[in-house]
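Look for chain A in each of the two complexes below; its partner is chain B in the first and chain C in the second.
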Partner chain A sequence: MLNNPYLTISKVKLLSVSFFATIIPHFLRLPIWVSLLVIACVVWRFHLSNTGSAIPNLLTRISLITLAIILIFLQYGALFGRDPGVAFLILMLGFKMLEMKTKRDVLFFLFLNYFVIITNFLYSQNFLLAIYMFIAVWFITSVLININRLNSTSNLKIDFRLSFTIIAQALPIMLVMFLLFPRIDSSIWKLPEDARNSSTGLSDKMSPGDISKLIKNHKIAFRVKFAKQAPEKKNMYWRGPVLSQFDGRSWNSLIPKPINLLTHRLEGKSYSYTITLEATGKKYLPTLDIPGSAPENAYLSQEYSAYSNFKVDSRKSYSLYSRAKNADNSYSSPNRRIYTRSFSRTNPKTHRLIKQLVSNSYSDKELIEKVLLKFRNQNYVYTLNPPILGKHSIDDFLFKTRRGFCEHYASAFVVMMRSAGIASRVVTGYQGGEYNPVGNYYIVRNSDAHAWAEVWLPGQGWLRVDPTAYIAPERIEKGIDASLRNESNWDRSQYSKNAIVRNISLYWDSLNNSWNQWVLGYGEELQAKLLSLLGFDNPNWQQLVILLFALIAMTLLIVFLYYNYRKTRLKKDEAEISYIKFCKKIERAGLTRYNWEGPQAFSKRVANYKDDLAKESLVIFDLYIDIRYGDKVTSALLHQFKVLVKNFQPNKQQN
Partner chain B sequence: MTDMRLDHTSIHKILNHIVDQANTIILGKQKQIQLALACLLSGGHLLVEDIPGVGKTTLSLLLAQLLGFDFNRIQFTSDLLPADIVGASIFNKNTNQFEFQAGPIFSHMLLADEVNRATPKAQSALLEAMEEGQVTVDGETRKLPEPFFVIATQNPSQHIGTFPLPESQLDRFMLCIELGYPSFDAEREILKGSNRKQLIQSLKSHLSKEQLISVRQSIYEVHTSDALLDYLQNIVEYTRNHNAFDMGVSPRGALALLHCSKSWAYLSGRLHVLPEDIQAVLPSILKHRLNSTSIENHELNPYEEIIKKIPIP
Partner chain C sequence: MLKFAQSFTRRRLKGPESEPIVISRKRIYIMPNRLGMIFSIVVFTMLFGSINYDNSLGYALSFLLIGIGFISILHTHSNLAHLRIECGSAKSVHAGSFSIFKLNLGSNRDQKFNIKIENAHSKDNVDISFKDKSRVKLKLPSTKRGYLAIGKFKVSTDYPFGIITAWSWVELDFNSLIYPLAEDEKVAVEMSSSHKTSIANLDQSRNDDFMGFRNYQNGDSPKQLYWKYFPANDLLLTKQFAGGGEDDIWLNWETVAHLPIEIAISRLCRWVLICGQSQNKYGLILGSNSIKPNNGEAHKHECLRQLALFKS
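After this line comes the complex of A and B, so read on.
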C-alpha cells in the first residue's frame, strides 16, 4: 500500500482533478451535502495516500453506501430517476476513490469518469457544455495515459499531446457515428420523467395576471426563420391556443378538433418559415397568425391553432406557411352557444354599457370601432402591475381601475362583443420578436407573450382585433420594452444593453441556434435527407448499420493512410524521394530494403544478390550517400542522382 | 606533424594496422576491438562487462600498448580506499612538508579491474576523476594527464560480492562492451599459441600522443548531415517514449552516440557518418544506459531490436 505507484500523491492529484472536471457542472445542481461528501472523499483519499494507510474497512464502506442511499432517498424521495440517479453515481464515484487499491481500481475509476461525464447531457445540451466536456474528456484521457505510463520520467505535457492526438483521431469516427447511427424511435432513449423540467409557455387557460407573469420571463420561446420575406413586425402575431370558453372570470380553450383542410382557404401574401420551438411540455405549436396547414405529426384545429400529437418535451423544429388573410366568406355563423356566451349574471355594468352602444350603432363594425375608441380615449393604462380585480372583474377593470395588461383588454373586449351578440374569442400567443441579423432569424421570447381578440363577421369570417394596439400602440409597433420601460418591476436588462454586448449576444444566440438546429436537431428527418443526398433512399436500419461500419472502416483507412503518408512523405527532400523510387526499382528486381536498413548495408546486400545489379546500383548508392550524409551537396550532384535513378532499369527478376 | 591531421589516409592506414595487430592477439573479436578503439579515439571511457577470464584485461593491456600509453592498473577490492586510487599527501620529515604521492590514476590509461567489487565510495572517486579529468586531494586540484582513458571491467552484477554501479555513474562510460566466449576455432588458436601477455609486450606503438590528439580533432570534425541527426534523434526519442524502458537515453547518452558514431565512421575510413555507423555502436551505447524491463521477454538482444524499429527513409 505504502509504495503503490498508482496512488502516489501526484497521481491522486491527477485523479482528483479529472474527477472534479467530470462533476463540476453538476455541483450547481446537486444538493450541497452531496458536494461536501464528495470533497470529503477526495480529501480522505489524499490522507490515505499521504500516510500510506490502508483503505477503510468493509464495514465503513458499507455504512457509507447505506448512508448515501438513505440520504438520497430522504432528499429526492426516490432512488431512480435523473436527479437521484446522478447524485448516487457521483457519490459512488467519490467512494470509489477511497476503495482504490490496485491499478485495475484506478483504471476502473477513470473509466467511470467517462461514464459519469455523460450525465451532464441529461441537464443541458448546450454548445458551451459540449466544449467543456471535450476538454474534460481530453483531461481524463491524459490522466489515463499517465497512469498507464509507469515511467519515472513521465511528462504530463507529452500525455496531453498524445491524448489530444487520440481524441483528434477519434473525431472522424465520432462524426460518422453521429451522422449515420440509426435513430431508433426516440421513446427508447427518453429521459426519466423528472428530466423534463417544467417549461414555461402559454397555457390553455387564462385568468387575469397569467400572461403578465409569463412576460417577466425572458427565456426564448422559439426562433423563426423566414424562407424569403418576413412580414412587418407589427403584423407578426404568433398564434397559440385560442380561448373560447368564458366562465365569468377566466378563459378556457375548447378541446381542439381538427379542421377540414379542404374548406380552409386563405388569401393574401404567403410566408414560409421554420420555427424552432423550445420545450413547453404542452402540445400547442405557435404559428404565424393563420397557418395554411399543420406541420408533420400535428394537426390544425378548427380555431386555426396548430397542435402536436405529442407533448413538446424537447426542442422541436417545424416548417409551414401562413397567409395574411382569411378567405372564409361563409355567412353561416360559428356555434353561437359557445362564441357569444358572456355570463350576463356577472359584470352587469358592462352589459348595460354594451346595450346602450348597440342601440346607437348601425353595424357590428361601427360597434367594434366605438368600443376600441372608448379604450383609446378614456385614459386606459397599459401596465404590467394592474390592481387586483373583484368578483365582477370586467366591470371593475372597465369602470374602476382602468389599468390592465393585454389579457385584460382582450378579455374585456371579447366579453363586450359577446354581450352585443357578436361571436368572438380570445387568442393567446406572441407578438413581435427580435431580429437577429447574424443568423437572419427572429427570436421570440416569453416576454413577447400577448393576447388579442378575434371577432366573426358575416362574409369576412374571423377577424383579428387587437385592443392593446389602441391603448398602447408602441407595444405593437416597437415591442414590449417600449411600452413598459417606465414600469418599476419590468426587467430591462434584456433590452438596455449597449451595442457591443447586444451584438455579442446576437452572435451567441445565432451560434446556439445553429447548434440546436444542426447538432441537437439532427434526427431521423435530417438523417434521411442526408442519406438521400448520398444516394440512399429510405434505407432500413440494417443497411444503415452496414453503411455505418463501412464508413468507419473507410475513415480509419483514411486516417491510417494519412499517417502512413506523413511518415513516408513529410519532411522528405528530393534526394529521399528519388532514393525511394530507386529502392522500389530494386524491389521489383527481387530484393526488398528493410525500412531500417542504411544505404551502405543495402548496397552490400544488393551486391551479394546479383552481380549485374551491383555494377549499376553501386554508383547510385555512393551518390546517394554523398548527397544525404556527405558534406558537399550540390544541386548538380542531386540532378545527376535523379537522372541516374530515372535511367536505372534493373532486369526484371528471372524466376 | 601538423600535416598529420589533414593526411587522413595515412592515419587511417595506421589505425587499420593497429586493429589488425589487435586482432592477432585477441582472436575473433574484431567488432569489440573496433568498438573499444572507437570509444577511446572519441575520448570516452570504456566499460567491459563479462564473466572473468574471457580477456578483459588482455584487451586493456593490448590497447594501452598499441596506443603507446603508460598504463596503470587498479584491482578493485571491497577494501579499496579512494586514496588508493588518487593518491595521498604524505609528511616528508626532511622538508617538514606534506608531499603528494600521486596514485595510480595519474596515467594515460587506467585499467580499473572489477570495478563493481569496490565500495561505492571508492567507485565514486574514480568516476569523479573520469568526468572532470582532474582530482582534488587535500583541497588542491590536480589535473590528470591528457589524454586520459579509463577502461573499467565489471563482472555481471549477479555475481556475489558486487556493488552495482548506479545509473548516473554508468552513464559516464561511453560504451559498454561484452567479449563473450571465443569461437571454437579461436579458442583452439589460443590454446595452441604462445602467451598472449608476451605477445603484447612485443608489439610496438604506431601512434604518437600528438597524432592521437589530432585524430581526436579529426573525428570531432567528421560530418553529420541533418538527415543523420534526424535518425539519431528518432532513436533517442524512441527510447524515451517506449515503455519497454524505465528511462530513455539522456542528452549525454545522445552525445556519446554521436561521438562514437563519428569515430566509428572515421575508423571505417569515412569523413561522414552513415546510419550504419550509428547502428554499429548503438547496442554498446544503450546496453548500460537503458534498463530494459522486458529483457527476459526478448529472444533477441533488445538493443538490436531498437534498430529495427526506427526506419531510415
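After this line comes the complex of A and C, so read on.
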C-alpha cells in the first residue's frame, strides 16, 4: 500500500543531499550516536519510499523523540545550550525525514536546513565556513526549486543554474543589509555559557609554571597594526596585568582602579597602533608599554594596565598610542608600603644575599646591575622545564636549581629588590611578535607571553627591567623559538616551516585578519564610520531603515529590468534581428516596410521600386523566407544570411 | 490573507475577454502565501539569533535568505507574466453533469513551471515549455441547457520557491453547449404510452410522427418494438407512429407542447437519445425549425443542439 505517494525515492535522494550538505560540519563535533541515528533515519526513509510503506505511527515517533531527549540529557547533562541544542535540532530533522508526507512538510524541512547552517557559526566564523555557507545555500535552494516543479526529477541542471542566478541576484541585497542594518553591540538576552569558545590568556594571578603553560599554546593572542612606525622587536613589550602582591609563592594583582588621565604624563617616542584581541574571557587589554589613554569602554589602572569594562568574550579591536615611560620625576614612590613588601620569613638566604649586596653598593642602580650580572654570570639556565621548587621557592631557585623561566627570573628579581627596599613589581604580558609583511602587521601569539619587572627609582619613576634579557638575550632579540630551540618538549612545528609554507601561512593569516577586521568585526563602530563616509553623521535608525529599503528596492528594480531586457532579447531570434536590420537598410534607401507586410509582399514591392536594389535584395529575401518557412534551418544558412545582410549596402549602390 | 486578497481581486475582472489572453504584468497580483509566512518566521528567528549573538556570518546568512525571498518575488512574477491562454474544446454534456473545458496554455518568452489553473470546482497544473502548448482542464457543473460560460478562473504559480503566490483572474469568452437533461427513460416511455395525449394532434402532424409507445400487440412489426426497454422492465413496448410508417420518424414539438417547456424539452431529448440507438432515420420539428430525418452521431448532436437552444 502506498501511503506516501508524494515522497518518491528521487525526492528522498534530493532531500538527503540537502540534509547532509547542512550537517556535515556538525558531524565532526557531534557525539557518534547522534550521527549514526541521523544516518539510520535517512536509510529508513529510503526503505519506506522504496517499498511504499507507511510512515512510522505516532507512538513510534513519540518514543523516538523521547529517546532522543533522554540520550541528549545523558550526554550533555542539559537540554538547553549550544551543543545539546544543535544535537537536538539535527535529531529532530532526522525524525522529520521519517514523517514527511506532503509538499508542505518537505518545504518546511528545507527551511529548517537553512537554519542548521547558521548553527555552524556558533562554533566558528572563519573564511572557509563562509564559502561553505554559500555552497550549502546553493544546494538547499536547488532542491527547493526542484521540489516546486511538477516533474521534479527531470533536470537538476536547470535547478542548480536558476538557484545560482537567484543567489547571485540576492547578493547585492545581502550586502546592503549587512552594511546598513542597524547594529547594536549588546545582547538582547543573556547568552548561554557555552555560546562562546573557551579562551586562553594572561591571568591576574601568577604561580610558578603558569606562564610556561601559556607559552606552549601557539594560538594567536592578538594582532597589531602600527599606524606609522613600529618599534624594534626587542622593544615590543606588551603590557598585561601587573602583579604587585606577593604571598611568598604566588603573585596577585591589586584591584585595578582607574587613574586620572589628566595627570597622566608620558615621555619617549610615541607609537600609534590598533590591536585586534582574540577572545580571552577576561577584562585586561594588552597595550604597548604605557598607553597614553584608555580605549572606549575601558580604563587605565593605577599600574597603567588597560582594563575593559566587560569581559572580552569576542574578538575586540581598539586603537591607542603608547610611549615607553611615565614622566614621573617625583622623589617618593606611590604606595611604597605595597611595593616593598616581601616575606622575610620565607627565602632567608635571598634576604641575606641582598643585605650583603646593598652594603657593597653606592646606589640603587648599582645594586640592580649587580643582581642582573649575577644572573648572567652564574650559570642560570633559561628553560621551559624547571625543576620543582620547595617552600622557599626563591631560595631554591637562586641557589640550588638555577633553572627557570621568565616568570621565575622576574619574580626572583622583584623579591630581591623589595628585600633591598626598592619599590618594584612584576609585569605580565607579551614580548615580541611575528611580522606579517603581507598585511603589514604583527602577530602576537600566546607563546610570546612574558613576565618582567618594574622598579621605581627616585626622580625617574617606574623603569622596566627584564632579567630574562640577561640570561637569554636571544629570547628578547629573536623570539621565543630561538631561546628554546634545544628543549625537548618545545613544539617547533610553528617555526620550522620552509619559506613557501611560511609565506602561504602569512598570506592566510593576513586574509583571516582582514576577514576578522572587516567582516566579523563589522559592528556599530564600523557602521558609524561607513555612514559618515556616506554623509550620514549621527544617523537615527529611521534614516537607516529608509536608506536600507531604498537600496533594496533599487536592487530589485535593476534585477527586474535586467531580467526583462534579457528576455526581450531572447524572444527575438537571430534571423529576425538580422531581418529587421535589413529592412532598416532598405528604409534608408527609400522604401519602408509596413507593419503587416510579410517578406514576400515586401520583396515584390522592392523589386518594383528600383532595379538595382532588387537584384541584391531578392537573394536576401529568398534566404529569409527559406529560414523562416523552410523545413530545414542550418546554422550555415543563418550565417550566410547574416553576412549578406551585413554586406548589403543599398546607399552605396545609389551613388 | 492570501485567500482574502484573491477573492478581493476577483471582483475587479470586467467581463469575458476573447482569446488569446496574454497575462500582462498589470493584471498579476502577488503575495506571500502560508509557506512564505513559515519561511519568514524561520529567517527572522535566524536574524534575531544573529543579533543576540552578534554573529556576523549569521547576519550574512539571514540577509542572504531575505535577499533570496525578495528576488523570488521577481521570479514568481515572471513565471506567470506573458502566459498565453487559448480556448481549447469543450465537449457538450447534458445538464446536471460536469462540463469539461480544455484550455491551451503557451508561452513565447520562456518556459514556465508549475502553472496552476483553478476554479471553484476543479484545479489542474502544468509545466509549459518554450514555444509549445500545454493542455489543462477545468470542470464546471452545468445546471441548465443552453450555453455555459467558463466563468472566472484563477491562474497562479508559486514557482520557484513555493513561498510567494502570483495570480491573475481570467474570464474567457469560452462557452460550452449544455444539452437538455434527458427525461428519465421510464417516465419518458410510460408517460407517452399510457396517456395517448398526442393523438389529438394526429391530424396536424405528418403521417409518420412519433406518437409515443403502446403495449405490444400481436402483429406489431419487430422494427417498431422498443427492444431496449424490455429486459429491464419486462414490458414489451411498440413505438407508435401517427402514420404507421416504418421508415422515417419525426419527433415533433407539437406532440409535447402541452407540457411545461422544460419537461417537454427533456422528453424530446430522451426520445432523440432513444431514436439515436436505433437504425431508423429520425427528424426533429421544433416550431418553425426542422431537421430532416437522418441518423448517426453528428445528426444526434445537431438535434440535441437545437433542443438545447430552443426557446431559451
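Keep in mind that, in the parts below, the second predicted complex is superposed on the first by the 549 of 655 C-alpha atoms of A that agree within 3 Å, B and C clash if a C-alpha of one lies under 4 Å from a C-alpha of the other, contacts with A are read in each partner's own complex, and residues count from 1 in each chain.
Methods note: contacts are C-beta pairs under 8 Å (C-beta built on N, C-alpha and C of every residue); 3 or more make two chains touch, one makes a residue touch a chain.
Every value quoted in this text rests on a predicted model; they were computed, and no experiment measured them.
*Asks:* Tell me which partner A:I62 touches in the superposition: chain B (first), chain C (second), both or neither.
*Replies:* neither
*Asks:* Should A:R628 be classified as contacting the first partner (chain B), the second (chain C), both, or neither?
*Replies:* first
*Asks:* Check the residue A:N595 against both partner chains and state whether it touches chain B (first), chain C (second), both, or neither.
*Replies:* A:N595: touches chain B, not chain C.
*Asks:* Could you look at A:I580 and tell me whether it touches chain B, chain C, both or neither (first, second, both, neither)?
*Replies:* first
*Asks:* So, does A:L112 touch the first partner chain B, the second partner chain C, both, or neither?
*Replies:* Second partner only, chain C.
*Asks:* Contact-wise, after the overlay, does A:L556 reach chain B, chain C, both or neither (first, second, both, neither)?
*Replies:* second
*Asks:* Just chain B (first), just chain C (second), both, or neither: which does A:F181 touch?
*Replies:* second
*Asks:* Should A:R149 be classified as contacting the first partner (chain B), the second (chain C), both, or neither?
*Replies:* Touch status of A:R149: both partners.
*Asks:* Tell me which partner touches more residues of chain A in the superposed arrangement, chain B or chain C.
*Replies:* C
*Asks:* Between chain B and chain C, which residues of chain A are contacted by each of them?
*Replies:* Looking at chain A, the two contact sets intersect at 149-151, 567, 571.
*Asks:* Taking the touch rule as given, give the residues of chain C at its contact with chain A in the complex, in rising order.
*Replies:* Touching chain A from chain C are residues 35, 38-39, 42-43, 45-46, 48-68, 70-75, 78, 108-110, 113-114, 125-127, 158-163.
*Asks:* Which bits of chain A are touching chain B when the two form their complex?
*Replies:* So the residues of chain A in touch with chain B come to 149-153, 158, 567-568, 571-572, 576, 579-580, 594-601, 625, 628-631.
*Asks:* Along chain B, where are the residues that touch chain A in the complex?
*Replies:* My answer: residues 223-225, 227-228, 230, 240-241, 243, 246-248, 271-276, 279, 307-313.
*Asks:* Of all residues in chain A, which touch chain C in the complex?
*Replies:* 103-104, 107-108, 111-112, 114-115, 117-118, 121-122, 125, 129-130, 133-134, 137, 141, 144-145, 147-151, 162, 166-167, 169-174, 177-178, 181, 184-185, 187-189, 191, 195, 314, 519-523, 552, 555-556, 559-560, 563-564, 567, 570-571
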